[in-house]
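In the two assemblies presented below, subunit A is common to both, partnered first by subunit B and then by subunit C.
And now, the complex of A and B:
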């Protein structure tokens, strides 16, 4: 039986942000911001993942995507370019290199954003599909991590 | 001696003990039934028969929803069977899960790499071959946000 997962892992990139208030102490926020995409497959090897990421398209635009740290997922994931500005993007990748398929929590991709305003934007990630060697579905969790840079350091 | 023989002997014994007049009255076959009584009996029989027919009709009328439901069920089952037999799987849905996702691309890539049997329906690009181009096509469909 196929197990279809849609685990929503929440994501608030930094606490108490998302408003349009100016940064404190005269700090001005950098509009460019990287966001790391992590997937945790527990003690099972991960050979394929598909995630849906939603965001406020009025505040955020995705400029580019890059791959992750494990060799098996070092290339940029598949995505629809239309998703870079419409508030929802689906990213996905797979590997047939079972020996190199990672276990546990790994950074599998990175998004580069521009964010308007001064708060750290909120994004949400949902696992659409994840599979272990052979193609059987597995339970996986995803999360996003990112910090917005200011001229005097990192915000939150 | 059997039970019917016992009974017949008993009846004969009872008859022989009756007087001659009474025996002749009991054996009389030509009994006159008054016409009015006959008509009344016929009327009762007709009336009762009509009641029985009406009751049977009512019972049948109460069953019509059951028959209608059974007919609808049969029709639905036949339609579903016909549609499911004629329905082609979603293009790119390699594992027939009902949707196209990255696991389909993985499964197709793996099958190609292993040199396994390839099905014609996996020719997503329509170029007459099943190859890496079809894997890319499946992955592209999986991440498309159009129509979702």
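And now, the complex of A and C:
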């Protein structure tokens, strides 16, 4: 079987620098943070994807999933509750709007999570499957980007 | 399915799309889930104009002036002191409204949009609740609402502007903790929990003034089928429940703004009819694809518009003038062929499938001789039955009494705060005794609480006449908060009696009545206040008088069948098919042998089914199987609660993404913190169900 290109990325997230700055003991750190999920399908249109995201379940809890920027992937991705073991979630989305299917690198989803403590939460994303119009498989890369908290809110 | 399997299946066309969705358990294969529109939220002009104090407890601090003679124009004078808002108070608001009669209360739930798609016997329903903040400070909206008792809630999305955030199911305790933390920190968050199989609570935190947050709930729901008609029900309001003295785990009924008065952990606030009303309206749209010709489609509860794009299809919507959420919406339709054939629907890929098997009693069961009955009629005479409900129940009971056979005996039991009977023991159904029973029935009136346990004791505790089949029929609205106690008592006491429950009213507690009948190997029937009681009573009597197909056994032939629910097959009554779900391994055409005992005769029939037929595929079957499993586990928990059982229920719920009482759906928007504290909590009050008296049911 042909292997799909898998790109993994760690997310570097500051624990907070402003109003939400944690106390020295870390107890008041704001644990909520969004993490953006980007998928790059190169010069091919993408109509469906399935991603596996792994993380340290003692530190991170994924609490919600949001849709992406392209209109075709605006709806929130689905997740597989049976595959949601400790520290692993599989998310997937598709579009039937082939004309509007995106090319290149796009933010296709956003994870809302809580991350406890001071350390940088580490998440890893793997492309399980991706498809172009017609249902044919395509190679795609995925990466995650966290947001840094500032005094005035969030900043990438 | 493993990743390898998934990848190998990605060969051509749109297969990947359906495969991905199959994994996600989505019911909308090959199409985008329709999004509901923004609806027609009715906000009076000037509702948010001006700033000032609000209503509820604060009304007394304001002066209200009547300035019109025909219409009433109320002008709020904000000269009173400002609200010091403890968390259970309503937030401040300023408003100017033209009203006639009832005062319209500005509330967070503006509109509910219901879109149902029915295919075969399964409905996929999307409920979109639109919350808006009509006040001048941040709020948390809390809404206690009903869904069908057999709904499998599988999906939850919070909509913030154009952003759609899918909630993830997790253990209830953990979800609540995260929700409270998010609320405290100012994040917009929503939490969906189940209080009873038919009662849910939605919380939406940190709704800023004039902002709107929607939540979208998706559930699967098998339709009821009886005597050739399918029935789709969407409940709109939780009826006011009675909780026995000392009981704390019920659902209390209190007046608006009177939180805590009932002493129950969960409460529903009710608007006072004639004085208060809400702008909240419900729009319902139902699309039916019956696969066979739809012969007749109607609603006795609401005015509906029906369009027929094809003979096998129908699109039904609530008429604009009939959208007040104060009674169940009941839609019935008849399909060609009159009787539902035994059939098997499956879902899954390859040999492994989940199935739903619909069983009909074999032909000829009606011609078998009836056996003498000991009929016990139990009438709910509590305050919630006051007026039309008890009138309707009496109408039904009169018809039952007049239908008794000379070999039958009967007893009448009434209960409210206590129970009393027509006589010390059942009496022969002679014409004279029937007249006596009718007179007794006429003398009964409704008032007081709903101590259903007293009715159960009176009905089941006396010695059984072993020459007759005891049939106990409860006639009630089921408005009690201690359902588990009642079901446990029936389980313990029923012996060989069959329990039939007869729901009377516009928003009956169907969960209780269906479960009572299921535990009692009987059947439930429902009579709306607009319905004639006669057809339902005749059907009830037909079932109670004739033998059901009991001791049902299934020979699965070459199929490998596991995880079948219900574990104990129910008896099958004439005109009322039953559904069995399970898992199987097999392909091609298969033969299934169904047998049972009708009276003293053992009879059987055969079902042939093609498991590879495209018609047999249904994406909702997997979820319905999980829902059945949860129901079975909950039933076991009623009589034998344990930590192990609780863990099994929780893990089943999480594994299948299906809401239960130990889990919750949580969605948080972590991208932005709203300013200020988390605001005040506003409970969405609801109207009392149509036909139910506020004065006799709601604590003030």
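Simple rule for what comes next: the second predicted complex is superposed on the first by the 114 of 156 C-alpha atoms of A that agree within 3 Å, B and C clash if a C-alpha of one lies under 4 Å from a C-alpha of the other, contacts with A are read in each partner's own complex, and residues count from 1 in each chain.
Simple rule for what comes next: a contact is a pair of C-beta atoms (placed from the backbone, for glycine too) under 8 Å apart; a residue touches a chain by one contact, two chains touch by 3 or more.
Computed from a prediction, not measured in an experiment: that's the story for all the values here.
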**OP:** With the two complexes superposed on chain A, say which partner A:48 touches: subunit B (first), subunit C (second), both, or neither.
**Re:** both
Original post:
Touch check for A:31: first (subunit B), second (subunit C), both, or neither?
Top reply: second
Original post:
Given the touch rule stated above, what does A:73 touch, subunit B (first), subunit C (second), both, or neither?
Top reply: neither
**OP:** Return first, second, both or neither, reflecting whether A:92 touches subunit B, subunit C, both chains, or no partner chain.
**Re:** both
Original post:
Looking at the overlay, what does A:82 touch: subunit B (first), subunit C (second), both, or neither?
Top reply: both
Original post:
Should A:135 be classified as contacting the first partner (subunit B), the second (subunit C), both, or neither?
Top reply: both
**OP:** Give one of first, second, both or neither to describe whether A:61 is in contact with subunit B, with subunit C, with both, or with none.
**Re:** second
Original post:
Which partner reaches more residues of subunit A, subunit B or subunit C?
Top reply: C
Subject >> Where subunit A meets both subunit C and subunit B, residue numbers >> reply: 4, 47-48, 50, 77-80, 82-83, 90, 92-96, 128-129, 131, 135, 137
Original post:
Along subunit C, where are the residues that touch subunit A in the complex?
Top reply: 3-4, 6-8, 10-17, 20-21, 23-26, 30-33, 157-158, 162-170, 178, 181-182, 185, 187, 654-657, 666-673
Original post:
If you look only at subunit B, which of its residues touch subunit A in the complex?
Top reply: 95, 97, 101-103, 105-107, 109-110, 113, 139-140, 142-146, 148
**OP:** Using the touch definition up top, name the residues of subunit A that touch subunit C in the complex.
**Re:** 1, 4, 30-34, 47-48, 50, 52, 61-67, 74-84, 90, 92-97, 110, 112-114, 128-129, 131, 134-137, 147, 153-154
Original post:
Which of the residues in subunit A end up touching subunit B in this complex?
Top reply: 2, 4, 47-50, 77-80, 82-83, 86, 88-96, 128-129, 131, 135, 137
